[in-house]
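Here come two complexes built around chain A, the first alongside chain B, the second alongside chain C.
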Partner chain A sequence: MLYIPGNNPAMLQQGGIYGADSLLLDLEDAVALNQKDAARILVRNMIKSIDYYNAEICVRVNHIDTPFGLEDLEEIVPLQPDAIRFPKTESVEELTNLIKIIESIEDKHGLPHNKMTLHLMIETALGVQNVFDIAKFSKRVDAITIGGQDLTADMNIKSTKDGSGIDFARKMIVMAAKANKIDVIDTVFVDVNDEEGLRLETEYAKQIGFTGKAVINPRQIDIIHEIYMPTDPEIRKAYRIIKEFKKNKKLGIGVFAIDGKMIDAPIVTRATHVLELAQIDLDTI
Partner chain B sequence: MEILKKSQSGSFESSDIIILIEPVEPNSGRNIDIDSSVMLEYGDTIKALITSKLDSYNISDIHLIAKDKGALELTINARLETAIKRACNIQKATMH
Partner chain C sequence: MKNVIGREIPEYINGVGKIDMFVGAWQKLKKGWMDEVTIPPPNKAKLPHQSKICQTLEEAIIKTSPKSGMTVSFHHHLRNGDNILVNSIEILAKMGIKNITLAASSLNEVHNPILKYLKDGTITKIWSSGIRGEIGKAISEGVLDIPVTIHSHGGRVRAIHTGKINLDLAIIAASAADNEGNATGCKGKSAFGSMGYASIDTRYAKQVIVVTDNMVDYPCIPISITQNFVDYVVKIDSIGDASKIATGSTRITKSPIDLRIAKLAANVIEHSGSFKNGFSFQVGAGGASLAVAKYIREKMKTSEIKGSFILGGVTSYGVDMLNEGLFNTIFDVQSFDAAVCSSLIDNSHHIEIPAALYANPFNCGCMTNKLDIVVLGALEIDTNFNVNVITGSDGTIRGASGGHSDTASGATLTVVVCPSFRGRIPIVKTSIHTVVTPGESIDVLVTERGICVNPLKPELEEKLIKAGLNIRKIEDLQIEVESIVGKVQEIEFTDKIVGLIEYRDGTIIDVIRQVKHHG
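The block that comes next holds the complex of A and B.
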């Protein structure tokens, strides 16, 4: 997921060429307070006109408690991007209010309530404490993310490269997402010149369960894709597992062995996920 | 619509355009100055876009300066809309 500052025409118009799976057009922290109106209008025009190829389009609006949030929603919701990203989510009460506002705008424009999804950012200690309830509150919530910079500020701790201060929060947020079967995106790695640091952090994020990672520079995309994409041997193994699973299923056998190793439902689930990441249609196996 | 105050939008960055607007005496008409890095190729298009936007807001008296650095049509329209709304005090949610 590539962050693109909402008041930068060059970056906005080129956003689709970098190969990111998802583009986050940012009206919040990347935009100066005296340019919020300009960014809102520019992002609206970009969404209407620019071809972002297959990238998911997500717009980060300002919080509804700021002077900008409501007008952001009024401008962006009618365009129905794939998702709205809402910052500093802390409670189901504010989420109730947010969804009410979004649905009233959708009603005004004759739009359905089930097309555009919500990505909620958890960026405060209170948000972390309430994350499970936040994640399960609405079917519209299809991803939660951790905002590392704001979270360290809220916790009044230093932002360090090893991420030790936010490790507990990372795992809480992952667990809440997994429990609710939604995506969970890791925070940005801010040192764009430290490729090794990015690699280590992304490997860790993948290991503990994050389904993706946000980036602030297109240069970071390839490293993240490389880590998240399954390797050729992993794909071949997954293919074999699914092929054998289908064959055994027809015979009424649920648990079987490949090369002497037991294959049961969790392994089949993981193999399915590998093939989905590799964009292999399971019906063709 | 009446231009109430000076306003500005956009930037001198590549692919952007900077728009400066100021009020003029009533019935003095439109005074539009355009400078662009692609003036020869797109000067007339930019002028037409500005004129059309001013028409849509029914603005007949204005001094407008545009310095373009190769902005797309959608960017020019966005920057014009921002500058006009700021100049007419119809842009609520921002801090100047």
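The block that comes next holds the complex of A and C.
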């Protein structure tokens, strides 16, 4: 997911070319207070006119408690981007209010309530504590994400490269997402020149369960794709598992072995996921 | 009349004569010889132990008996740090010499001070592979009565062989030389590497002056220019600004768009069928071109592919690839930084080559003919894949033909990398201001918004589609670009022709017209 400042026309125009899976057009922290109106108008017009190819479009609005939040929603919700990203989510009550506002705007424009989804950012200690309830509250919530910079500020700790201060929060948020079967996206890595640091952090995020990572520079996209994309041996292995699974299934066998190793349902699920990431149609196997 | 690629060119141009029209990239080579007659190099003699040393550049120039109407040549290996060209022209102007034909292998911003000599009749004709800065702008506005001729690096050699460029005096800067004129560009405080473009000048000019700021004991080693061609030798304080000679063009770009284009281009190369053991490779310096080398270097390591040779303008990045064993040899006609100089001296597989061997179409095989893959830039490209690298979006001369058409003609796979638009200026267009390299010699265009394969190469397109690359029609890309940046208001030109674009075989592929002034 590539962050693009909502007040930067050149970057907004080029957003679709870098191969990011989704684009986050930002009206919140990337935009100075005196630029908020301009960014809102620019993002609105860019969504209408620019071809972002296959990328999912998500707009981060300002918090509803700020003077800009409501206006952002009124301008953006009618455009029905793929998702709205809501910052600093802390409680179910807050979420109830947000969804009410979004749905009333949708009603006003005769739009359905089930098209545009919500990405919720967990960026405070309170949000982390409430994350499970937040994640399960509405079917419209299809992703949650950790905001590392704001969270360290809220916790009054230093942001470090090893991420030790937010490690617990990362894992809490991942678990809440997994429990509710929704996506969970890791925070940005701010040093754009440190490719090795980005690689290490992304590998860790993948290892503990994040389904993706946000980036602030297009140069970071390839490294993240490289880490998240299965390798050739992984794809070959998954292909073999599914092929054997289908063969055994026809014979009524649920558990079988490949090269002496037991293959059961969880391993088949993982193999399926690998092939999906590699964009291999399971029906062709 | 219109030539074979549809460019409107008069059959006769005042000051030039009858125009020999471009007939296709390889048509004139098919015969196996050149129709034009080759002129002999000059006969010269020196008495034994006769000194060639002059105390000043002025003294040396005076000794060559300069005359109005003469042709003077310079190389551009000092790039934007060159002190020699401007100093020499100033000396000639002070002597009252007029109607000079300037045959510099390329002209850069550093040469802006000679503009006044274009205005006062000191310089009346120019031959060059590229013109940048104020001179290009002034020529586009019509400062000279006779159109300049833009040639390729290979084409310049051909033009000198045939006497189209008839050199009276070559003033050759060297970073080290001895008292007989043996010279190199690899040593000294002003080292610039290969002297590939200067070689032909020393062989054909009636008089040759070597200028250096680093006089060394006889013999100067390595020898790029040999004493048997040199009439006079001058030691001066500085041949140029070393910081501008090493342009720093070896740094890999951080521009996300250039990197994106470079990565796509590397994917194209990987799946083209030309990326295999023993392949030869050329990329430009800077921007997306050099970044392609970064990705190719990674792919060569991963796929354990070893190349044959790197050709052309050489960066320290290429030297690193040689030292890593990724390529066997570098053939170096022009080098870009100090690191390249030490490699030229120390590594026997890093070989300096003259422009004739690099790219002259009329011999038994220049090295561009052996090239498998070349990556080139573009200022504009049209939907027939014709490329402009000479005139900018305002219609004025501001670029260089260089080895663009030479390498495109020779390489098995020619990849053009450029953004589809810059700022609000479209690069992919239905028609371009000037054609330097014909579309028939371009195989693939790689932009940030997709890859377009020349319809003349359907097998290549098939391979790339099979590899899962985003291949689209160039016409569709052009329409998308226009939908983003809008329709451009066309630049207006007068009928006056200010420049000829000479293809490498000596035919005229296009002309540059004077930009119309308003108000």
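What we mean here is this: the second predicted complex is superposed on the first by the 285 of 285 C-alpha atoms of A that agree within 3 Å, B and C clash if a C-alpha of one lies under 4 Å from a C-alpha of the other, contacts with A are read in each partner's own complex, and residues count from 1 in each chain.
Please note the rule applied: a residue touches a chain if its C-beta (ideal position, glycine included) is under 8 Å from a C-beta of that chain, and two chains touch if they have at least 3 such contacts.
Model, not experiment: these values are computed from the prediction.
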| item | value |
| --- | --- |
| Partner chain in contact with A:Ala179 - chain B first, chain C second, else both or neither | neither |
| Touched partner set for A:Gln13, first chain B, second chain C, both or neither | both |
| First, second, both or neither for A:Asn34, with chain B first and chain C second | first |
| Which superposed partner A:Met229 touches (first chain B, second chain C, both, neither) | neither |
| Contacts of A:Ala257 with chain B and chain C, given as first, second, both or neither | neither |
| Touching partner for A:Ile157 - first (chain B), second (chain C), both, neither | neither |
| First, second, both or neither for A:Glu71, with chain B first and chain C second | first |
| Chain B and chain C contact sites that coincide on chain A, given as residue numbers | 13, 50 |
| Chain A - residues contacting chain B, complex | 8-10, 13, 33-38, 40-42, 44-46, 48-50, 67-68, 70-72 |
| Residues on chain B engaged by chain A in the complex (per definition of touch) | 9-10, 13-16, 71-72, 74-75, 77-79, 81-82, 85-86, 91-96 |
| Chain C residues within the chain A interface of the complex | 254, 256-257, 259-260, 263, 448-449, 480, 484 |
| Sites on chain A touched by chain C in the complex | 13-14, 17-19, 50-51, 217-219, 222 |
